[in-house]
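The two complexes that follow have chain A in common; it is paired with chain B in the first and with chain C in the second.
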Partner chain A sequence: MKKWLIILVILSIGVFLTACGKEEASGDEPVYKIGAIYSSTGHNSPLGEPQSNATQMLVDEINDNGGINGTPLEIVLADDESSQEKATQEMNRLINDENVLAVLGTSGTGESMAMKGIATQNEVPMVAAAASAQLVEPVEDSHWVFKTPQSDVLAVEKVYTYLQSEGITKVATLTDSNAFGETGLEQLEEVQGNYDIEIVAKEVYNTEDTDMSSQLTKIDSSEAEALIVWGTNPGPANIAVNMQVLGMDIPYIGSHGIANQTFIDLAGDAAEGIVIPTGRLLFPDEIPEDDANYEALDSFYTNYTEQFDGEPGNFGSYGHDNLMLVVEALENGATDRESIRDYLENEINDWVGTTGTFNMSPEDHNGLDIDSLVMAEVKEGEWVLLED
Partner chain B sequence: MRGVKKTNWWGVASFIVIMLFFPLIINGSYYVTQGTFAGIYTIAAIGLGLLMGYAGLISLGQAAFYGVGAYTTAILTTSFGFSPWLGLIFSILVSALLALIMGYTMAKLSGYYLAMATLALGMIVNVIFVEWKSVTQGAQGLYGIPNPELFGFQITQGVPYYYLVWGIATLVIIVSMNIVHSRVGRALRSIHDSETAASSMGVETGKYKMQIFIFSAILAGIAGWLFAHMNYSISPSSFTFDTSILFLAMVVLGGATSIWGAVFGTILITAISVTVHELGQSFSFITTDFEHVLYGFILMMVVIFLPRGLFPSFVSFLKNFISSNKKSNSKRIVS
Partner chain C sequence: MGDLLQFLVTGITIGSIYAIVALGLVTIYSVTKVINLAQGEFVMLGGMLMFTFLNFNIPYWFAILFTLVLIIIVGWMMELTLIRPAKGANPISLIILTLGASLFIRGIASMIWGKDSVRVEPFTANDPINIAGAAITPQSIWVILLMVLIVFGLYILIDKTIIGKGFQASSANPNAARLMGISPKKMSSFSFVLSAGLGALAGMAIAPIMFPAYDTGLMLGVKGLSVAILGGLGSAPGAVLGGLILGLIESLGAGYVSSGFKDAIAFGFVLLILFIRPSGLLGEKSVGKGGL
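And then the complex of A and B:
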């Protein structure tokens, strides 16, 4: 019995000492500490991985160049595993245990919404990398929350503008039943009137479906002149293949959800001619040098591809802009939670990022307009810029 | 016989002390949040434990009741401006009602068939959350759920919510122990051992099974209520088949034959996740996928070597250990 007692005492002393050691380690030297939560694992990992990579790379770059006005930047990177519960835990840890100045992320809408509640309650600025507009709307509830990805409505407007220029007025929609497809459909329905476009057939598929022939057959028998597909891989690729098999030849317009090489690899030659709205980071080589975002895009893209295997893609660009916005605030003397928020809201005007040019205001915590998107087309197995 | 034993108040008291002091000793928001989630899961797991260990019914759809509890209160508080406490009453009522309806249709089912039926229920309810867009806001979920207030004090995420969750969990533990040690508990155990024997002895098996099914649904509903008001938003992804399996794993791991088993199992699973997280910060090769591998491994070991679950095995080990120590001590005195 005694032996056990001694072991227990030694163990508890050990635990106590390590706990003390941890606290002493945190330093006297000033650092700017910011937190980032991205979904490096789980179903959002295709989004979260480039975001996480980009963040770490940029922080290393900044510190190699002497930090922010001489003060080093410290990043606490966390992974929410694409789960709302984990995002909540990490958010609490970053804000209260790590005492970060601002939080970046996360990749998914549901997880970001859970974080929004905590950010608001603790009065910590948060810059999300999820698309949904409800993250920053209504403005009264989004005092502390910003986001860099284009809202879905912008992508929808871009698609409708394109259709208008092509002289198409009757369209069919085929959308995923997940959150992405759902908001897409909502926006497609809402703004159709502004562009004199009419949705004549509306079909939905489930994320796991592998064959959409029945929906396509219904669409084929309608008077639709083009098909709009709103979803993420692999659904839209299956649809492209199904259309080829059915011999449907109406134009296929996708969403920014398939702005990656994976889509083309999945769909094969059925992808040829498919048109989508996308951010510019899908093809940095195609962006003309006189483009406002060219410089930011070029250096980020080159550094990223040197250091990592994959391409940063649009998601990497959100990771870049999230971090650089907060860095911009820190550089200009906004070094506490309150002033970072104020800076982001009031001082970000014509700020050039990789996603677009931001103009934040108290009414708009996203700050992007339709020019942050371009149209792309699949040509010979690659995404290319579609000239206006 | 085991069942005649009275409630062990020493167990309850020491549990309350540990629970009370945890956030004071462990100073860290991350641990408190983990502890809060553990409390919420404990409540749902206790319900499932009662169902499995005492009535011998397996439910693979506990997340349905958990989700219904969360959605009921979320809809009422955000769309209709109800107070969270009124929401609690409705969360309990709606999950109980769902269990009652399901109980009637499933009354004749047992064993695998009941498991399959509850599995289907879990999936259907999740589809309803996604598809009934006008009410549930679909896959994006509901947001703007308020924190509950008590005596003018807003219970926010962190230590206040931790105490709310574990306070309710303690109540649930005490109530469940009373049920277990009552006539109902004995009747349920007789059903578990042999339903035919029980009914031939005059136990109304159908009635008791229904009652415990509803009770477990109510507990899951309360857990859902706590989950919804802890977070600003909820979405269907928190109430999938995976969540049902998580509850099941907690019960199987801890042991279904005791209330403490569910508590123990939940805390253990949370502890694993915390440990993996801590290790992952020091060693980059330990990713979060490790967690699932560990769950699977431990669960497999438990099922093979300790089929009663960890808690009962742990208790009997402790008893043996103490008594053998006493023996060796007395031997020493003699010599």
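And then the complex of A and C:
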């Protein structure tokens, strides 16, 4: 008797739940539902936090202004905690349970690569905010994946273009032995010929090394006219200080990996005069009004700083462009997974974002060129725009 | 020639950083036979606390004093709460306990200070000094000086004082030591306090050179341990010798062979030495007699 009662109760609960579910689904207004996964916590949180903030802020703005052609936009924001497992879980949840039209994110390369496979399998468009070119190359395997941050090769080309304009032809490289430095070195070696630049000394250091004087002494004895350093803090700051101690005065060109105030705080005086390629949001105040991206950048920056403590930075700008690209597709009638993908691939021409001006094509799912980067220089303890 | 001199100076600078970290490790080992894997964390705390105190505009020498006292308390607490309750456990278990402590301290540090590296001002004005074409910073000279002072101080303490005799006795035979009225417990506690203090000093001295962050203790701990083993575990002069050798090989390897292989060269050499002399450069063959 008891058993029957339990089964009855379970059954009735089941029926009740299904009834609820149905009611909810049928009673809904039409919405455009998209998912976003960013690393709000964990080691990538300095990247993911502004991305997540920017996304939420922009969605609220769009809905306050009546949504997309009258249809509200719903965003499902998820945090991958900077881990690949969590990114995979959330990706599956967004696609299968939440049934989103497209997925934005995530912040890190490893996590984004894990999501790429799921996006491809389920045929869902994905716009990543991670740097690595692997995400969208080779393009045959990246049918469903796009990304907005500049690839490393653009930073390398920007550096070489700058060196060319300075009349420098012989350079030395000093790169971190981690993935970031190694990719940088590969690209530096690969495209040197296109810019008539020759790498005459090639040195590396380990991420945790404290003194790079030996490598620098060797470079000092070579015929290098400039030094290219590819790494993230604190290594490049150590190198700047070591160079000052050794009295080396060849120009120091860094990577976008040190486009932050921390680098200047660490290196102190030794940072003066160091030049790097960077996105424009490192110094929104410095961007001239006639810049193609000025308007998008200015309104995004103003709104962001009004609503949140802290600056959006270059990472926030990827969050902005990821969302707005998909919104652009929705506005133009691409409202299912397939057509959003087709729209992103074929119809994004001269589209002005905050990172740069995008020209997507079947061969290029990033769509940026070197004009999406500018050169910055340290002057009196701050990054300033280097006019060319 | 100028290059060679610079490689040597750089090697000594790097080597003295490793050596000064290894000295704390050696102190604990020689009394308790425990390899303290959290020694690198004491060094990291030295740098980070120094940074915090200086940020609060506390005068430099007071900041050093506060940092020293705080870290000594950490070392003492660690012995009291972790090592002592587990006394009687074999050294391997104790070593794993110290590994846990190091993970714990690192986790706390990342919550307090975040992930970024910090900059600490040097002891004195830091205009580089030129020696026949090779440059060295005054801070590096401070590190070397401090290292020499510590070795000398340890020698006096261990070989010339009654506390030192107690140290050696507890290390060689705790039971016999107890019969002689020496408390191995106190000695164990004292060795942790001493090595935490040495770690703090090391951390403060090298912080202006290396931009400490919450995770620098890991690298320093590994290098410090390799150096201590190379020198012969338990030998303070051995730690210094080991540190300088490792630093010099790294620097010369990077300078004359390839900077990509410098660690491979350095640790290859360490392995070679240990094949020839398994007890390390200055290690005694019969470990367990105590003394630094």
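Basically, the second predicted complex is superposed on the first by the 361 of 388 C-alpha atoms of A that agree within 3 Å, B and C clash if a C-alpha of one lies under 4 Å from a C-alpha of the other, contacts with A are read in each partner's own complex, and residues count from 1 in each chain.
Note that in this section a contact is a pair of C-beta atoms (placed from the backbone, for glycine too) under 8 Å apart; a residue touches a chain by one contact, two chains touch by 3 or more.
None of the values given here were measured: they were computed from a predicted structure.
J.: Applying the touch criterion given at the start, work out whether A:Pro234 contacts chain B, chain C, both or neither, answering first, second, both or neither.
T.: After superposing on A, A:Pro234 lies in contact with chain C but is clear of chain B.
J.: Which partner chains sit in contact with A:Thr183 here, chain B, chain C, both or neither? Use first/second/both/neither.
T.: The answer is first: A:Thr183 touches chain B but not chain C.
J.: Is A:Gln89 contacted by the first partner chain B, the second partner chain C, both or neither?
T.: Only chain B is touched by A:Gln89; chain C is not.
J.: On the A-aligned overlay, A:Leu266 touches which partner chain: chain B = first, chain C = second, or both, or neither?
T.: second
J.: In the overlay, answer first, second, both or neither for which of chain B and chain C A:Lys218 touches.
T.: In the superposition, A:Lys218 touches chain C alone.
J.: Taking the superposition on A as described, I'd like to know which of chain B and chain C A:Lys33 touches: first, second, both or neither.
T.: Neither partner.
J.: Which holds for A:Gly117: it touches chain B only (first), chain C only (second), both, or neither?
T.: first
J.: If you stack the two complexes on chain A, which partner ends up touching A:Glu203: first (chain B), second (chain C), both, or neither?
T.: In the superposed model, A:Glu203 contacts chain C only, not chain B.
J.: Which residues form the common part of the chain A surface touched by chain B and by chain C?
T.: Correct list for chain A: 177.
J.: Could you pull out which chain A residues touch chain C in their complex?
T.: Interface residues on the chain A side: 43, 46, 177, 203-206, 208, 210-211, 213-215, 217-218, 221, 233-234, 237-238, 244-247, 262, 265-266, 268.
J.: Which residues of chain B touch chain A in their complex?
T.: Residue list for chain B touching chain A: 28-30, 32-34, 37, 130-131, 133, 138-141, 143-145, 156-158, 230-235, 237-238, 287-289, 325, 329.
J.: What does chain A use to touch chain B in their complex?
T.: Within the complex, chain A touches chain B at residues 1, 41, 79, 81, 83-86, 88-90, 92-93, 95-97, 109-110, 113-114, 116-118, 120-121, 132, 134, 141, 177-179, 182-183.
J.: So in the complex, which bits of chain C are touching chain A?
T.: Result: residues 3, 6-7, 9-11, 13-14, 17, 115-119, 128, 135-137, 206, 209-211, 213, 216, 218-219, 250-252, 254-255, 259-260, 262-263 of chain C touch chain A.
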